[in-house]
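So that you can tell them apart, the chains are marked A, B, C and D in the order they are listed, and the count of residues begins at 1 in each.
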Amino acid sequence: MPEETNQIEMPLGLAGLIVDLQPVFLDLVHESESFSSNCRFLIESLNLFQIPLFLTEQVPEKLGGTSSEFLSLAPMAPVFKKDTFSALGASGLRDALSDDGIEHLLLAGVETSVCVYLTALEALSADLEVTILTDCVTCRRPTDGEWVLRKLAAAGCHLLPVESIFYGILGGATHPHFRAFTKLVNNRTVS
Amino acid sequence: MPEETNQIEMPLGLAGLIVDLQPVFLDLVHESESFSSNCRFLIESLNLFQIPLFLTEQVPEKLGGTSSEFLSLAPMAPVFKKDTFSALGASGLRDALSDDGIEHLLLAGVETSVCVYLTALEALSADLEVTILTDCVTCRRPTDGEWVLRKLAAAGCHLLPVESIFYGILGGATHPHFRAFTKLVNNRTVS
Amino acid sequence: MPEETNQIEMPLGLAGLIVDLQPVFLDLVHESESFSSNCRFLIESLNLFQIPLFLTEQVPEKLGGTSSEFLSLAPMAPVFKKDTFSALGASGLRDALSDDGIEHLLLAGVETSVCVYLTALEALSADLEVTILTDCVTCRRPTDGEWVLRKLAAAGCHLLPVESIFYGILGGATHPHFRAFTKLVNNRTVS
Amino acid sequence: MPEETNQIEMPLGLAGLIVDLQPVFLDLVHESESFSSNCRFLIESLNLFQIPLFLTEQVPEKLGGTSSEFLSLAPMAPVFKKDTFSALGASGLRDALSDDGIEHLLLAGVETSVCVYLTALEALSADLEVTILTDCVTCRRPTDGEWVLRKLAAAGCHLLPVESIFYGILGGATHPHFRAFTKLVNNRTVS
């Protein structure tokens, strides 16, 4: 783990929110493997920059919990059960975001056209800034996802791929996390 | 049929409007089979939520009526004959919408570039809110449809896939229609 | 030729402007055959509705004139020679548009990324309304065309396929030109 | 070299800025060959119109310098070393742009989603006008690039292919550089 964290200018109030990484959904979505790889990269990057991560699960007692490949990367991330499609309907999540001073969500997960869509709308209504990570969301029908993302852009969300966010936080090659982040990027490219 | 309707928060003033599901057009359009499947799903979903549905037919005495696969799903839906391309030119339809207090149309049918386009423009002019269901419209030339949809988005229509609308109405898994809707979704995925 | 013209509500101040239908360009562009078919359909439709058509040619004394397949469909259309890329730089064209009271151009031709682009920008600057007919423009590199069309939409042009325009003018099946236009559409679909 | 420069109306304050044409990046990006061909065409066009060109290199002492195929076309272009992802973080570049009275950047290079993106944002913040040359930028994941370009368009950048820019500067066939530019275009088309 890096020791130089206190020297780093961290984006204030930023958090990752990944919704419903449950096998019951992952088995159905478009390009599931590359999506999962992108989400693992996202989690590792959040870890590196010590940006808080929040996970949600849709009715896990019936549908099963988050896939272990993600949980093992984020053992400390709080997991919020929900029965609403919007993640912000999960009991305790809005309070947790508020307690942590979160003002800007990096939003990822499944499905673009259902839970991601409704989470983004509710987050905008709650005056949160929302960035949809375009390569870390997916759904069963890719055309559906494209239209939903256009709608969310028009509604005021930022839409950017995950690397653009973290390279923007790094700013340059002298950032203390640059080497570690480059290693994550290279691993991602190989796989 | 569900009995718990009165417990459900229904969107006020919402109606489905599907234009010209006539074989003479369906035989010509792009991806006709998946389009028809999506429209059947739309009709079944409107039925489930008891959202009124209006159908139109273009000069049916010459071109033939609505395909029976759709009519059989919506035997009670009023069918309006028209000779204008905009569905709102059908005799009686605007009065019917007004009588039902309809303020927001879920618009579907064929062709995106002709009757859907002109219906959407006239509906906007009539101060109706318009959501084009992106997977429930089609036309002969898919590229034509893409440009028309971009134009309608710029003109003020919402563009969303049909599932996003109904999951938004459901809100979550505790909605009394959740199970029935999930069954519709699963049937759709299988076919 | 239809005799019922005086009964028809014609759009005021509308004209077609097709730039540079010269073999020297047509031989190079993307999907040249379907583009040419779409332009023939456009010319036949303008003829039917007696909407004036203006043609331009880029330095025809060196590059050759308009392809005869188009000229033969529009023998009365004035052809303006130009050495500017914007059609509005052609000597006499702006005066001709002004004399005819033209306020809205249906713009077509080649190349999207050069002469169509620069014509559209100059027409907007001259306070003309501009509709780019998306299936009646093309260029050598289709990706170039896509970005240029997005830019022109942002700049204030309408972007619509040719059929949407003429079905909008027709309005419905009782228009006296409906049968003749339907025949043009059907011929187009067959080829 | 043309001698008639003083007769030409040159766009004031325009410069090309191409970031990080280093083999270490070029080997990884999508459609690297056509991208490189487009950048060579860009450099030759900038030379023809005597528009200043600025190059940057990301940590060249570690990653290697600009590919010789580009340097040989622009032997006089200043090359700025940088360790920030935004080119405007390169020591001396902002002063150089300011000294030359540059107000509008033609931006190209790699990667769309990292250095091009962050350069464009910083340039907008610095009140520079920014045109992204859509065929002269690329990245490893083409879908990432598409979303970033949409974001940059929404942020206020112009997005246009390289030919549209230079044909716009030419204006017509009587421009003294028309023949020379046509030759560049034809060479490009052949390769």
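Of note:
We adopt the following convention: contacts are C-beta pairs under 8 Å (C-beta built on N, C-alpha and C of every residue); 3 or more make two chains touch, one makes a residue touch a chain.
Please read these numbers as outputs of a predicted model, since none were measured by experiment.
Within the contact network of the assembly, the step distance from chain A to chain C comes to 2. One rotation lays the C-alpha atoms of chain C on chain D, and its angle is 90 degrees to the nearest 5. As for how the two copies chain A and chain B face one another, under half of their interface residue numbers coincide.
Placing every chain at the mean of its C-alpha atoms, the farthest one from chain D is found to be B. Look at where the CA atoms of chain A average out and do the same for chain D: the two points lie 33 Å apart. With centres defined as mean CA coordinates, chain D is found 47 Å away from chain B. Across the assembly, chain B contributes no residue in contact with two or more other chains. In terms of which chains touch, the assembly is arranged as a closed ring, every chain touching its two neighbours and no others. Chain pairs that touch one another, listed by label: A-B, A-D, B-C, C-D. Those residues of chain B that touch chain C in the shared complex are 28, 58-59, 82-86, 89, 113-114, 117-118, 140-141, 143-144, 147-148, 150-151, 154.
Remark: chain B residues 134-135, 153, 158-161, 163-164, 167-168, 170-174, 189 touch chain A in the complex.
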